[in-house]
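Naming follows writing order (A, B, C and D), and every chain is counted from residue 1.
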Amino acid sequence: MDLDFTPAEQSFRAEVRSWLAEHTPRHLPSLDTADGFAAHRAWEARLAAERLSVVSWPEEYGGRGASLIEWLIFEEEYWAAGAPARVTQNGIFLLAPTLFTYGTPEQRATWLPRMARADDVWAQAWSEPGAGSDLAALTSRAVRADGGWRLHGLKTWSSRAAYAGHGFGLFRTSGERHHGLTYFLFPLDDVEVRPIAQLDGEYGFAELAFDGVFVPDSMVLGDVGQGWRIAMATTSSERGLTLRSPGRFLATASRLVDLAADAGDPVLLDRAARCWTEAEAYRLHTFTTARRLMDGTEIGAASSLGKVFWSELDLRMHTLAMDLLGDRAAGTPWYDGFLFSLAGPIYAGTNEIQRNIVAERVLGLPR
Amino acid sequence: MNFTFTDDQADFGLVVRDVLAGCRDDRGAAAWQRLGTLGFFGMLVDDSRGGLGLRLADALPALEETGRAAMPGPVVDTAVAGALLLDGPELDKLAAGALRVAVADSASTAADADLADVIVAWPRVASRDAVSSQAPQLRVRLEPRPGIDPARPLFTVTLDGDTRELTGSAVTAWRAATVATAAQLIGAARHLLDTTVAYARERTQFGRAIGGFQAVKHRLADVAIAVEFAAPLVHRAALSYELPSGERDVSAAKAAANDAARLAAEAALQVHGAIGYTHELELRHWLTRVWSWSAAYGTSATHRARVRALVREVPRWP
Amino acid sequence: MDLDFTPAEQSFRAEVRSWLAEHTPRHLPSLDTADGFAAHRAWEARLAAERLSVVSWPEEYGGRGASLIEWLIFEEEYWAAGAPARVTQNGIFLLAPTLFTYGTPEQRATWLPRMARADDVWAQAWSEPGAGSDLAALTSRAVRADGGWRLHGLKTWSSRAAYAGHGFGLFRTSGERHHGLTYFLFPLDDVEVRPIAQLDGEYGFAELAFDGVFVPDSMVLGDVGQGWRIAMATTSSERGLTLRSPGRFLATASRLVDLAADAGDPVLLDRAARCWTEAEAYRLHTFTTARRLMDGTEIGAASSLGKVFWSELDLRMHTLAMDLLGDRAAGTPWYDGFLFSLAGPIYAGTNEIQRNIVAERVLGLPR
Amino acid sequence: MNFTFTDDQADFGLVVRDVLAGCRDDRGAAAWQRLGTLGFFGMLVDDSRGGLGLRLADALPALEETGRAAMPGPVVDTAVAGALLLDGPELDKLAAGALRVAVADSASTAADADLADVIVAWPRVASRDAVSSQAPQLRVRLEPRPGIDPARPLFTVTLDGDTRELTGSAVTAWRAATVATAAQLIGAARHLLDTTVAYARERTQFGRAIGGFQAVKHRLADVAIAVEFAAPLVHRAALSYELPSGERDVSAAKAAANDAARLAAEAALQVHGAIGYTHELELRHWLTRVWSWSAAYGTSATHRARVRALVREVPRWP
């Protein structure tokens, strides 16, 4: 039981901190605009050149083979520096863990380095109009074709798809409910992409219409018919350690404390201090989880506790910011963050479902 | 002692509801015109001057309906603040629905100022006649500034040159407008609750209507409870805003209405899921309006600080 | 829409206030002790002599025929004066409304005046070990006997029963679930009363064991087999206006504001001011409800909103008092009030059930 | 960097759990004796003096177990505060489990002082030898005062006459004892959660186990989440209580542990319904203990005020 960073970890932190202090861009346009998307890709290419875009990946794919603890250190420094949100997030945090586990050597060699350099930006395509949190109700299908498959159907709430070049998702190759789903990668070139405007008027989401789009066999991830199992593993990493690093919440909380202290209302400062304490709790908790993962323990259903905690903390923090700023929040990152935080309890499995999971699988209450 | 609305008061609200249900546009011009015909904008103006001669409390059901409809335009600034502050021919025009007022806050920000004929920035007021001239005698300047609700744009207001002083009581008008905004928030919250309940009855997930899940039920029950117990504070403030306890009562009302409406907005978003998060559904009008109105005439934080400061200063007991 | 009291209401308030200022006893022992029980009965007999124990009842039963608004005024003054909790509460607020609606003229003439004078103190006997909120699962039964019935079975969580002389509750005379239950009044003389100690060590509850206790037909309330319907009406008044008058919460909130202001912590004062505002909201809301009842409107399921609101407000207030006082709360009315408030979300239908009622019957969500 | 407990640390906790599971009495005499044999009371004492030589962080699992068992007696005052404050033969006796310490707070209140051999009332300390003599040279007077938990009686302490000054650092000992009490609260919260889950699986209502209702599930999930994220703050404070950030970290830990445990207590009561409200079930021991411990060494309000005051005073960043 200690909180002591090794000399190597400390020097890694120092390197990251000093590089970011010099190179972090200020105020990129939103990544859900065309300009912003391009600017974010350029920034991530710059990170990649420094081997800082995916520090925990093996060197052959563009990383540094860093430990989970070092990755957490990187994230703390990244967000503390005020660096921009990651346009490659869906690929790096949702798809890549699946590629590492279920991808062929060729798939890994093809896609991972390009992802690390932001050459490819990946959109997730989980939901369908009739299936939100209930993935087993998916109806989009893949039909066998010569040397590959043809995709049919409609996906929605595909984040980043308005500007991304590739996507990943499940299509039904046979069977019902959880059975007969297959995990596909696909280029978006032949897919009809219909952007959906969000509350802030920007296009973070899109509908994807598939009308017989051909994908070769090399774009099937894992075995045919195993998509459900593979996606569950992905969903679990989506919910787990990698989706929301503590550094981000800590940076938000820390700025919130300053904002509240300047406002001079002790009640608001109390709420801010509490948020900061909770962000700290999430950071410390994550150190424990990281150690367990490094020791080979599975997190499993326990990751649902974290999902509920960070998503509701994020919402509390941004609600407080709105209380502090009122109208003045508009046009600042606080308002964008507020809109983003409102989605937190919804995506990656709604918090209603996460609480069911905690109750049933962690506590053992009846279904 | 009859702390319920009379049939007349309730009926006026229902008429406003019917009018607003029939028309929607981005900045509310059509609704404005039709409410003007009803006499809505002169409802607080003496009947001797062609108004309806209502007290603020009588007007609450109608104001709540403008919130239920998320009606655009400077409704409260005109029908409440303007009606209590202006005089002479301007007031006559206002009562006829032919004059719009925008009120700037202490940070010189006014919503919908581009639509206004008269701009109030305590303690001064100016008509907007000169704005378009771009001449050196320019009396009003509007700088657009970022806002939360695209249908309720914000402007930084500068009044120069020969403005005139306000005649009515600024404090009274400000309090009345705060209560009226709180009433709009109650209306918006009721709309959000109704539409979310309707959605939860129809949308199925895991093979059943999501409104059958106890978590969804209890979340919406909590919204219903919050709205049910915020409304009486708004009603009371409409009766007491000119009394010694008025400042405290008005702040208690606005804070409670803000919080109930924000709870309704959050529940609506969560229950609608990703669908609620986008522009596709009408829901967005109410969400951004709730956030915008809950900042207008004071955030919850501001009003709670005031209640805290005043709670022992004015008599707490009947 | 007004909040103006009539001259008659104002003079009634003035009378009550001045009488209470002179006669309210300070610090009676707990009504769940033998001494306290006797002291509370004596106090209520004193109230009754002034026709202040049941102001809203007709004069023939000991009241003043006061309006609901006057009753609310009485309650505001009663609690503001720091007067003691009512030992006759179960009778006055739970049984009496049922007697007024379903009792025979003889039953009303027999029991109501005695109740008004605290000659009789009534215990409620709703729950059984196997049936808490689920009254339809009751199994205690009444068997026909010459001129009456013999009661068998076990009731529990009977409040006041440790010292009371009479009880009321449902017994099965035939049928299953909601059918065949009958509403009985009974003296406790031949019932075995087993007191249950509460968290504070006092005996507010008891188990009642019935082993063929005889009750004459005159103690059946309403028709045989109609107990469920009658009890539901009682439960509804239990949840409705009469169970918790706003005056009580307003008095608590007002004292809490003073306590918090003295503590000098703005965060605690903010919570107290908020509680006071919410108590005001409950008071104002109740004026509306009272007017609707006076106009002949039924409250129905909407009373569930109030039950959730006041019970959770009461808990928030006493939790704040515990935060303010810490250990020093022990031995003060704040700690007794805290223990009592903890039961608020449980009794009279748990708040889980109340929220279901709001969702299903007020909002129209599916069952 | 390894922010998990080692096997040794966890195992010591399990041994304590086993010992405590086997014995229960009103004031904890039997448990005290058996833990004494284990070396529990000397766990923070140097091994050169016959202690186990653990750091506070190493001892957390064991302290948490004393909370899970709601063990009576001045456990933290003795094994943590006493171990850091006393010296010489008294410390030897303490390490052997043969000496109990009670610590008075700033209001001169000490829990379990009637069981104590040594009473600490900053900045002075006295042994209790003279109490029973009722002689003029009386050095310690105990006045019983009302308390929340019958198994943890409170006393107002007066030290007169020839008391002596403390040797160890009062601030350090106070902080360590605060963290240790927070660990006990985490343990008590885990017990409440476990027993409430077990009850909810068995108790049926409306024909099904109450733990199958989503409202009960989500309530207990929220308790699990609160405990899960309070615990790391306690663990960190055990590592940092002597550092510049210690005061802030200790306060953050105690406030979070208080609140998680009180949430667990409230949920336990609500789920148990009327049954939880009475003396009949063992539950009451944990409820009153949680309320009592959450006042001991500072309420949440006190600690949150401290965090608020310090949050910008000491570095917030790693």
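Here is the rule we go by: contacts are C-beta pairs under 8 Å (C-beta built on N, C-alpha and C of every residue); 3 or more make two chains touch, one makes a residue touch a chain.
Just so you know, these numbers come straight off a predicted model, no measurement behind them.
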| item | value |
| --- | --- |
| Both-way neighbours, i.e. chains that touch chain D and touch chain C | A, B |
| Chain D and chain B - chains in contact with each | A, C |
| Pair exhibiting more inter-chain C-beta contacts, A-B or B-C | B-C |
| Furthest chain, CA centroid comparison against chain C | A |
| Separation of mean Cα positions, chain D and chain A [Å, integer] | 40 |
| Mean-CA-position distance for chain C and chain A (Å) | 53 |
| Of all residues in chain C, the ones touching two or more other chains | 266-267, 270, 352, 355 |
| Chain D: positions in contact with at least two other chains | 213-216, 218, 304-305, 308 |
| Overall pattern in which the protein chains touch one another (line/ring/star/complete/other) | complete |
| Complex contacts: residues of chain A adjacent to chain D | 1-6, 9, 13, 69, 73, 76, 80, 250, 254, 257-258, 261, 266, 269-270, 272-274, 276-278, 280-282, 284-285, 287-288, 291-292, 305, 308-309, 352, 355-356, 358-360, 362-367 |
| Touching residues (chain side chain C, partner chain D) in the complex | 127, 132-134, 156-157, 196-199, 201, 205, 265, 267-268, 315, 319, 322-324, 326-332, 335, 342-343, 345-347, 350-352, 355 |
| Touching residues on chain A, where the partner in the complex is chain C | 266-267, 270 |
| Interface residues, chain B side, partner chain D - complex | 213-215, 218 |
| Contact set on chain D toward chain A in their complex | 1-6, 9, 57-58, 60, 193, 197, 200-201, 208-209, 211-212, 214, 216-218, 220-222, 224-225, 228-230, 232-233, 235-236, 238-240, 252, 255-256, 304-305, 307-308, 311-312, 316-318 |
